[in-house]
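You will see two complexes here that share chain A, one where it goes with chain B and one where it goes with chain C.
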Partner chain A sequence: MTLNGALTLSPQEVADMKRKYLALFEPSSVAIVGASESPLKWGFRILYNTLAGGYKGALYAVNPKHTEIVGVDCYPSLSELPTVVDLALIVLPPPLVPGAMRECAECGVRAVIVITAGFGELDDPAAEAAQDEIVRIADEAGMLVVGPNCAGVASPDPHSLYSGMIYRHPKGGGMSLVSQSGNVGMTTLTWAQLHQVGIARFVSSGNEAATQCEDYLQFFAHDSRTKAVLAYIEGTRDGRHLFRTIKHVAAQKPVVVVKGGRSEAGQKAAASHTGSLATRTVLFESACHQAGATVVDDIYQAMELTSAFVSQPLPRGRRVVVVSEGGGWGVIGADACIEAGLDVIDLPGGVLRELDDVLPGWWSRGNPIDLVAGNDRTLMSRAVEAVLKSPQVDAVMVLGIGYICSRSERLRDSDEAERLGLKRLIEMATKVEMHDAERIAGLIDLYGKPIIVASDTVMIAYGPAPNEAVAEMERLGVYAYASPVNAAKTLARMAERYEYLQGRPRGAG
Partner chain B sequence: MTLNGALTLSPQEVADMKRKYLALFEPSSVAIVGASESPLKWGFRILYNTLAGGYKGALYAVNPKHTEIVGVDCYPSLSELPTVVDLALIVLPPPLVPGAMRECAECGVRAVIVITAGFGELDDPAAEAAQDEIVRIADEAGMLVVGPNCAGVASPDPHSLYSGMIYRHPKGGGMSLVSQSGNVGMTTLTWAQLHQVGIARFVSSGNEAATQCEDYLQFFAHDSRTKAVLAYIEGTRDGRHLFRTIKHVAAQKPVVVVKGGRSEAGQKAAASHTGSLATRTVLFESACHQAGATVVDDIYQAMELTSAFVSQPLPRGRRVVVVSEGGGWGVIGADACIEAGLDVIDLPGGVLRELDDVLPGWWSRGNPIDLVAGNDRTLMSRAVEAVLKSPQVDAVMVLGIGYICSRSERLRDSDEAERLGLKRLIEMATKVEMHDAERIAGLIDLYGKPIIVASDTVMIAYGPAPNEAVAEMERLGVYAYASPVNAAKTLARMAERYEYLQGRPRGAG
Partner chain C sequence: MMCAGSDTRMHDVQQLIEQALARGQGALSEHDSKRVLAAFGVPTVMEELAGSAADAVQAAERLAYPVAVKGCSPDLMHKSDRGLVALDARDAAAVEAAVAAIDEAAGGVGLDGYLVQRMVRGKREIIVGGMRDALFGPCVMLGLGGILVEAVADVSFRLAPLGTRDALEMIGELRGRRIFGPLRGEPAADCDALAGVLMSVGRILEECPQVSQVDVNPLIFQGGDPVAVDGLVALAAPGGAKGGPQA
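Entry: the complex of A and B
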């Protein structure tokens, strides 16, 4: 830990921190304190969500009025549980929260999530005092406390933990997220589930009374499941500490930051919503950047980038070739790459010669490569490979995939298609396109270079008749963009990360 | 037609033009010349697509080898058809195209679409000469010719015409499109179908040998079905003529332009793809802007804006209130509005008082209005109405809709939900949310002000379990954005259009 200005932690500190946070992310047992039988109450939903998420540990409900809720054993108090739970979620009305916290501390519960709102985010001295009380209890007991006023936690591996207000279940993977907004956090989980992107850890940090964004980031830096980090940040109490923390993480893993409350109106809203302090946006973003994070304006683009950091190798330069199934999309793709700061290079001689063997005689011999609307669905992967293997190419943008699968959908169920024998044709063509998609995805590992895919067929990829080619690409870890514009931005930011690491060697953190 | 610099047309010219273009967009009869029985050939697909689109006029196939294809009567030549068709689509190999064109002219066919590629877009004098021949034949006969090297035409009303390579079927409506790229055009139709956005006319202009983008735009200006226009333009032969045409259209109807080939790499690709000439991007875009068009970088955003022009009133100013179901999205929404150039105003006193009656006591009394996660699903429409009716508010941004509908999906089919009696609760809550969505959509007309909606639930709106609330909003003409960022951009561009019209009175064209 010699990186100038970055936070440093001793091996003992790291070990202690890991132990502490694993109680939150990998608890063997969970209690929902304030569980309810009424489906209209959060006390019901939070228990139900944990159950529906498939939690593999021991799950208990706590409520003196019941002995069982939704099939889960219910106890009058924490002290009467058959075991000391690792993690407790508190969903009681605000006045009952400090008492429950004390009970957690007395029992030896290791981590607590206070879901309940109505504390520091209100402009009310009594509510603020109650929040201070929560912090005091946590500090005295050395207990990890998340929230209050938060949405919960998720860690698909190893125990299938999706607990709190969380009702999406993305699969396990390498992306870890901390969000100062519960509902922005839910947006990220929804996106991840839809696009088959794997999550390592997710935490909604709420009011951050006792545990701040920085603390989660530190854990992510040392967590072996975490390969890349995304933080949605509305404010911080100690900018210098935040930037030092980011520098510490970014030296080891990619960090993507979305700053909520960039405008004055947004800052005011952030202040009333989680009680966070306003920060000067330009300074904030430039400090993040200097610390090695990538700052992104839009939460969806941030998800796209973070997932690319997990699933794709970094490009070792900005030299891009665009391979397109259609002329117009090729034009748009080339524009997008240039505007994102990438180089749409002239095709190297060797690539030209190889493509002359693969493509029809009238191909345009330029970059973007227009494959010309044709029937040969193996052209794409052959063209991509011819380009990707060139030492003068750092990355390939593939435009258009899933055309056959999405065109077929309308034929599949028609009588006419049956009568004309189109069904067999469709099946064959679909198979060929699926195989081509798989081959393209396989080239990433083979050549250790990124391939960025965009197609308008993703619009209907998840429609009533799912587009198998797009779903298959995403299953294989290759996210399919709707538009080349975002695809190019991601690629340029990945190149930036590579350049950052070249300036500061990877191991320095 | 006194607008300085704008194109002018006499009433007779307008009448002649309408007659000419209605043969293309509203033909009573269509022939596919070069129809094929082989599903692998475009000659088959184009006939099949026209049929699958539900074309209501008389449809014929032309091919000497068959008497019937896919149930459509097939004739050896155009001259042997039982009628003179209004529109012929030619899908023959390049050498046969001029002959077929001559036959069309001799028979008195009014409009021709040459789908076939292999003409002016190739760097080949013979191919260019063949394209000149096409133009000569068209000019001599006074025949409208679209293409060559194009994807086709669509006009849902009145005859359900979707002909050419077109296999998406958006409903009828007020948006008209001309695209110099067939595959970008297909992207727009896919988007329109998915989001229930109505189309008046669509044409893929291809190489524009005889009929240019400008000609279609002129027709759109005087076409009563067209309420707003979108043009995807890669190049023009006569910039001055294009800008005068845009000025002519924009004085009457909103015009949105996407310029493909903004970068040098993109321009080179555009040149090889439709043979269009390179243009200086900055000059091009600023000339479009001066002519009254809105220039947008991204084709999806262009669709969002054009559809908003059709379905929403223009805001009479930039004063926006954000109403959000979640804190973080409110923050992001406020940022997005400010960054797009809108005013996130302080809530007027009257609005504050009215909202105090509607919202729970602890509401934040600021803009964005955070409704606080609650169970009362009528709050949204009541809050939106309280805001929208204020004379000090020009538009409302609504964030978050479809949460109940999308949350319910996982409960709907579970045994537990059945056992717990949740099904009835879900049904009721879904109904309440649907009703709230309908009420919000109804407020647009009631107050003559735009409401822009964004929600992360649109991500799964078209998933395996469709999100009814989002689908219902879109059926009612209110597009649901995935992100407040694009929503704010649309609203700001609508305000710009209002300002443009204020400077130059609406009737001037």
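Entry: the complex of A and C
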């Protein structure tokens, strides 16, 4: 094995690993050890979250003081449960955790999540020793142990499992996440739920006492539900191992990495220039990039990119056309594309001729294409199609959607609309716009090219009056960006992924 | 990628390193460092090690003026800061004067000799480095060079060993990558040759476990061709302390 080889597993190892991790992500039974009746305690919230998430398997509470909590049967101990559960979540005070883990091992529980904090993250030898004890019990029993000091797990499919501290229930899909921070995990699941982005697996890895982020990544590589991976990583114990793991995963699925703790002062290795410039963050990010991951410095951009990897085809080049509802957005959209390293091409002759038939006679005949804020709501999807089908175009950026839904929102339920007889008109126009959104989303599959959408209507799309066109777009898997800057960055990073898979150096020119 | 060459050359490299370690050296001298670099395929400046002022003059004549003269010793780093480098000596008198000045500046440090090098001229100076990180292992660095390298901090890294794509990406990642294009009367830099240098430094780290660091600084583009003008190969006895915290 070379120093830089991808870390591959034998078929037997893969089968064993899958069995192990499916106990965590697809358990047919779950016990909350340390379940509580008090809504102020995590022992209650985690039980309640699992219940509210609609978990389809058998759910049990374990606490000697109760026989039932929020309608869930409660047992004095794990050994008294009617069945051996696949997964146990431990929410007990730190001194009780090792005992509960031993009980899990004795009963034959297959996977354990230690939610409890107060172990290796403390600068305290006794707490560190307690964490070592957790690792020892896990190793001896061959149990999969997540945490300690973590927020839990989610896997919407197949059993609607949302078990942990995070009260969010995004739908099922292809994006898998491992986060060394529970708090960042919360951010990602909230985002996914808001934007209707589907999740395959989520795990908050906590202190990673017995199971490290590399282990989850390796599972994601072989997990059929996972289509793209996002990892929030603050540190690793073995940089080469991380590198070789990512190399293996990224050869098969897109991997997006966000490095936390970038600004920490780098270790100064020696008196040489090279040593003084080689900070840990620079090496970490270089290694992830070299292994085939996309390194992103913002968690929202990382989510946007990972979800695009799941729902959109890769552009086979950097040639992009911007189609805009209005002048200024087209200009900043084109600027953003160029800044991101995309190629804002001159419109090919065939596209010009086709657009001459679609657009009013005075159209600008340039890229960005300005639709001059016309009233014909079908213009956008017709223009996008004319551009997208050109063999000289790799991707289209669409700027401005949902304007009718946005404008009509304040009128819709008003007396004014009633008085002026506008209600039917608004309904019809909304329908046309929804249909246009559907058509644009449909073009992605039809031509096998990405369409990236940004609109200022997104700013008010998720408030008390949701924008139906934006929501419809996102339901169909086309995320609506609030800014063309992030949209262009996603497109450029997707182009890099294509270059990587082609074996070419990544980057513009 | 061409390899270090024949087994003989690899054998010579190993011998250089082991002799240096046996003498307790923490690094190879500049001259020996460049022999190692050259053995791994890095283009290095033409130079001769001279034992005396007279030898230095003869060497200069063989190399052709103008030349640079440097004090050479494994114990000397940052030579130009210490007055141990004379550039652009154009005749025998200038070479003799340079040797005298170096003797005085060395202040008792034992010199291996005087390194006489053909002057290399080019507007573009870069740095190529190699180091071992406790967490990531051997790494290669490319950066825009000159005395402002730390302040400018335009660098890229890869883990060794490197493939051709890795090396080309390192070049493309520099913010100042446009210096490799045709520039102010100079032709475009030979990026394939530069990629070769990056891969060579990676291979030195991979194949020579006793090498702890490599600095090729500066690497000057003479026309479009990269030439290592100064080099440092630092050594650590195998199994020595590596140190360093976790990321």
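Everything that follows uses one rule, which is that the second predicted complex is superposed on the first by the 484 of 509 C-alpha atoms of A that agree within 3 Å, B and C clash if a C-alpha of one lies under 4 Å from a C-alpha of the other, contacts with A are read in each partner's own complex, and residues count from 1 in each chain.
In this section, a contact is a pair of C-beta atoms (placed from the backbone, for glycine too) under 8 Å apart; a residue touches a chain by one contact, two chains touch by 3 or more.
Since we're looking at a predicted model, the values are computed, not measured.
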Checklist entry - Can A:R237 be said to touch chain B (first), chain C (second), both, or neither? => result second
Checklist entry - For A:A15, is the partner it touches chain B (first), chain C (second), both, or none of the two (neither)? => result neither
Next on the checklist: Looking at A:A129, would you say it contacts chain B, chain C, both, or neither? Reply first, second, both or neither.
Outcome noted: neither
Checklist entry - Which chain makes contact with more of the residues of chain A, chain B or else chain C? => result B
Checklist entry - Who does A:M186 touch here: chain B (first), chain C (second), both, or neither? => result first
Checklist entry - Is A:W329 in contact with chain B, with chain C, with both, or with neither (first, second, both, neither)? => result first
Next on the checklist: If we overlay the two complexes on their shared chain A, which of chain B and chain C does A:L194 touch? Say first, second, both or neither.
Outcome noted: first
Next on the checklist: With both complexes overlaid on chain A, does A:R280 touch chain B (first), chain C (second), both or neither?
Outcome noted: second
Checklist entry - For A:M428, is the partner it touches chain B (first), chain C (second), both, or none of the two (neither)? => result neither
Checklist outcome for this item: The shared contact residues of chain A with chain B and chain C are 269-270, 272-274
Next on the checklist: With touch defined as at the start, can you tell me which chain C residues reach chain A in the complex?
Outcome noted: 77, 127, 129-131, 133, 135-139, 141, 143, 149-150, 153, 155-161, 165-166, 168-169, 172-173, 206, 212-215, 217, 232, 234, 244-247
Checklist outcome for this item: Given the complex, residues on chain A that touch chain C span 2-4, 235-240, 243, 267, 269-278, 280-284, 286-287, 289-290, 503-507, 509
Checklist entry - Which bits of chain B are touching chain A when the two form their complex? => result 39-40, 48, 52, 70-71, 118, 122, 165, 167, 179-187, 190-191, 194, 232, 234, 260-266, 268-270, 272-274, 297-300, 325-332, 334-335, 337-339, 344, 362, 364, 366-368, 370, 373, 375, 400, 407, 410, 414, 416, 420-422, 425, 456-457, 459-460, 462-464, 466, 482-483, 485
